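Each of the two complexes below includes chain A, the first together with chain B, the second together with chain C.
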Partner chain A sequence: MSKLWLTLFVLLPGSCLVMGGVLALRWLIRRRRSRRQRLTMIYLRTLLLRCDGKGRARFPFVDRPGADRALAEAIAGLRRMTYGCDAAVLRSVVRSYDLEEKLLRRLRRPGADRPRLLALLAALPLSSRMTVRLEPYARSRSRAVRFYALLARLAADPGEALTLLREYPDPFSRFECAELLALMCRGGLPLACDTLLRASEENLRRVGLCMARHFGIDSVRGLVLGLASDERVGCEALETLCDLHLALPDRWAGSGPLSAEERRSLLRRAAYEGYALRAVEHLLYGEERIAFERLAATYKSAALWT
Partner chain B sequence: MRRIVIVSDNPFLSRAVSLSLAGLGAEVCCVASRGEWLRICERGAVDLLIVLRAAGFLAREREVERLRRAVGNPRLYILTWHHSERIVLALLEQGADQCMTFPVNLARLRRKVAEELTGVYE
Partner chain C sequence: MDVIRWTVLAVSAAVCVVALAALWRLWRGRREGEWLRGRMAGFCDAADGAGISLLYTGIRDAGEAAELLAEEYARYEVIVVADSETQAPLLEELKRRYALAAVDYRPGTELPVFGVRGLYRSQSRGFRRLVLIDRERSAPTDDWDAAAEVASFDWLLPLRAGERLLPTGLCRLAAEVNRDARRTVRVVTSTVGVPALMIAWEELAAIGGFSPRLLLRVHRSHRRQVGEAVLRSVVPPPGGRTRIAVAAFAVVWAAAGYWAGRWVGLAGCLCGWLLVWVVARAAAPYVAPLAGPVQARREAWRWLLRKFTVKKFTLS
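And then the complex of A and B:
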């Protein structure tokens, strides 16, 4: 009997209260997010008007909480998807609404989503003094924070790109290289491919290879061939040769630094890029030859059908 | 009135493109899904379709042809984040009238659309 009382008068209302609280919290978060998205859209319109030189259109509700982040997201979104917008206009908006300082304050709050905020900062036209102010985040324990701090510092002072990339402690992952390339596409990383490939640091060579692959720079063929025997970036150098449709070196056949997994990935890439069996057969081991034939046939039949 | 439909599941992108096309004397609609876009096309002829992702065209063969047959032969612009020359060529060979890669120059896009609309109606 007492158990029934306990269930009816304590546990049931208690769980209802908890569930109600959770639902209310979720509703509040969603409401705040949708309000911020609406503000971002309004600010986007104002920014486009300003970039078109149509007067000094005003940003409404800019004193509301969360408006600074909405404005920063509008500027960052515009910079990510377009080029040719007047950089001076965007820089003056960032300066006049003190977005750098406001975002730094957000970054310092406990529980802040630091990688996301740093990525947002990296897409803004920042002043060069931000390189120093963001330095503590470059020593963070979280890899994501360290990387996005690097991106933001690169965006703040592109002239120091080589030094900053050299100082970065972790080897870049493919995702991180893609982020760096996105920054490069926006003109935020003025680096030459051959300078990167000639560098002694692994990270710089990795970014250089990524750049050659992405932009199809085949004038650096000799340098990429030289890197094919490199213990650290050899596999990526071979992938780059495949992507650029260049002849593959004999080094691939040796036991070398490549694991079985890397060899399989390279075979797949060579087949996808349309290398014929004759072009790569000197590099293949017994069973790999059959696997390559099968892969090449698959990709070629797909090519015939499209 | 000329009709332009922008297809994207990213509201920020479609809003930015639609704002950049304002004042061209065309009705601009933004839709998020293929279903919505087919419904709009059923309601009347569409002059220009701007698709802000290439995935649908890369995943299915002869998608442009199928699309044109379904919605009455609009001009088709594809804006994509893929920078690979091969993908851009494949999209053009499938029958896209214009293929641009992000980041795009909105002023250039506006000029191209204006020329397209004038060319169609002159």
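And then the complex of A and C:
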């Protein structure tokens, strides 16, 4: 009987309460998120009015909790979506609403989602003093925090970009290179491709190669060819040559051949980009030559048969 | 008898734990997916994203190829496998619509490929992404091997008949690969909704082609799991019989719980089912985010009740 009482009055109501709690929490989170999204839309319209030079439109509900983040997201969204937007207007908004300080305060809170907040900061027009204030995050144990701290510091002081990129300890992944390119597309990273390719650091070279591929800069062929013999970025340099449809090196130099896996990947890329066997045969070994011939034939024969 | 009772109670507890773990994984996957979707816009257009070859078997009409070709991701191709003996009109339709021409085909030695009659590529630059293989009908794994043999990209994503990509599904998979700076990832999987598996070409060649137990042959450290759905199914979900089977199973399980531990056992079973319901409810938005929000959620919820829960937690 005691078990029945235990079940009826403790276990069943308890589990129902837990379920109810979970659902209520979910509802609250959704409600908060939708409110913030609505606020962001209002701020975005107000920002557009300001950028158009139609007076000094005011931002409503700016004292509400979460409004600072909504305003920051609106500015970030505007910068992401527009080209040539007047940075001075946005900078004055950031300064007058003290967004830098408010977001830094959020960053310091325990349990804060630091990569997201740092990425948000990176999308704002920051003052150069933020480079120093964000320095502790550049030494974080989390790789994502370290990287987005770098991105925010680059956005704050683009003049120091080369130094900051040189100091970054981890090799960039392709995703991180793409993030840097996105910053570059917004005009936040004033670096020349050949400067990056001439650098001795692996990370700078990697960003340079990524930039050459992304923007189709074929004038740097000589520099990319020079990097083809590099131990760390050699494979990426060859991929860049393939993507730009440039002539591949005449022979393996320096560190020697790539791994079998990298060679096969390069072979498939070369076939896809339309290279003939004669253009790549000096880079292939044994059966790879046959494999490339087989794969390239599936592209070339169509032109002969039709 | 005690052993059976304890087994029933232990299984109920295990269902609760698995459901909670699934809920946690879904929540994390959703957060990460939302974050990546915000960051991926520029990345997916980049020329140097991971190249992905979609290997599609079981095509039924030419419109399916059009759907697969409509992805926004920059570096991917679609390799369709069909049988000219049983699907001659379909092959002709595909050739006509996409200006496909026969090209030279020589089988390789890395993968076990047989029965290929011909290979076709489009003469039109607009459909450069489409490759058609004419092959005698056999198991889907054999079709995928034949398609992988002519793949131009480093990553292979096999699809069964009726499976389609969710919007940004390819970007999500590619982002998972490209975030790995040390390049140790060989397989990316998603078990939410329609299960998906993307494997590196070299890894597939090393383990000798597609097989039902492919995942077990890849070392754990080389696997990566995505906590949200990347595929959807256009095949209608199982009908009334499955629903009756699920309901019957639930009743039988509740009865077993009552028999095993009286009211406590019954409460344990109910808790398990409630948790499964919460997990299914949480997973619902990922499965059908295409239609209007309310309707899609309702549809997805129905779909999950019928298929997902059965497949993942009870009958499999």
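Structural remarks
Just so it is clear, the second predicted complex is superposed on the first by the 275 of 306 C-alpha atoms of A that agree within 3 Å, B and C clash if a C-alpha of one lies under 4 Å from a C-alpha of the other, contacts with A are read in each partner's own complex, and residues count from 1 in each chain.
The rule we apply is simple: contacts are C-beta pairs under 8 Å (C-beta built on N, C-alpha and C of every residue); 3 or more make two chains touch, one makes a residue touch a chain.
Worth saying up front: this structure is predicted, and the values here are computed from it rather than measured.
In the superposed model, A:S265 lies in contact with chain C only, and not with chain B.
When the shared chain is aligned, chain B comes close enough to touch A:L48, but chain C does not. Once chain A of one complex is fitted onto chain A of the other, the partner contacts of A:P171 are limited to chain C, with no touch recorded for chain B. Within the superposed three-chain model, A:H214 lies in touch with chain B and with chain C [touch as defined at top]. Contacts of A:C185 after superposition on the shared chain: both chain B and chain C are touched.
Once the two complexes are overlaid on the shared chain, A:A297 sits against chain C while remaining clear of chain B. By the document's definition of touching, of the two partners only chain B reaches A:Y83; chain C does not. Ranking chain B and chain C by residues of chain A touched puts C first. Counting contacts as defined above, chain A residues 80, 185, 214, 216, 305-306 meet chain B in one complex and chain C in the other.
Taken together, the chain A residues at the contact with chain C in this complex read 3-4, 6-8, 11-12, 15, 19, 22-23, 26, 80, 115-116, 119, 170-179, 181-182, 185, 210, 213-214, 216, 239, 243, 261, 264-265, 268-269, 271-272, 287, 291, 294-295, 297-302, 305-306.
Chain contact summary for the complex, chain A toward chain B: residues 37, 40-41, 44-45, 48, 77-78, 80-85, 185-186, 214, 216, 305-306. On the chain B side of its complex with chain A, the touching residues are 11-13, 15-16, 19-20, 61, 83, 85, 90, 102-108. Across the interface of their complex, chain A is touched by residues 35, 39, 41-43, 46-51, 101-106, 108-110, 119, 121, 123, 150-154, 175, 178-181, 201-202, 262-264, 266-267, 270-271, 274, 278, 282 of chain C.
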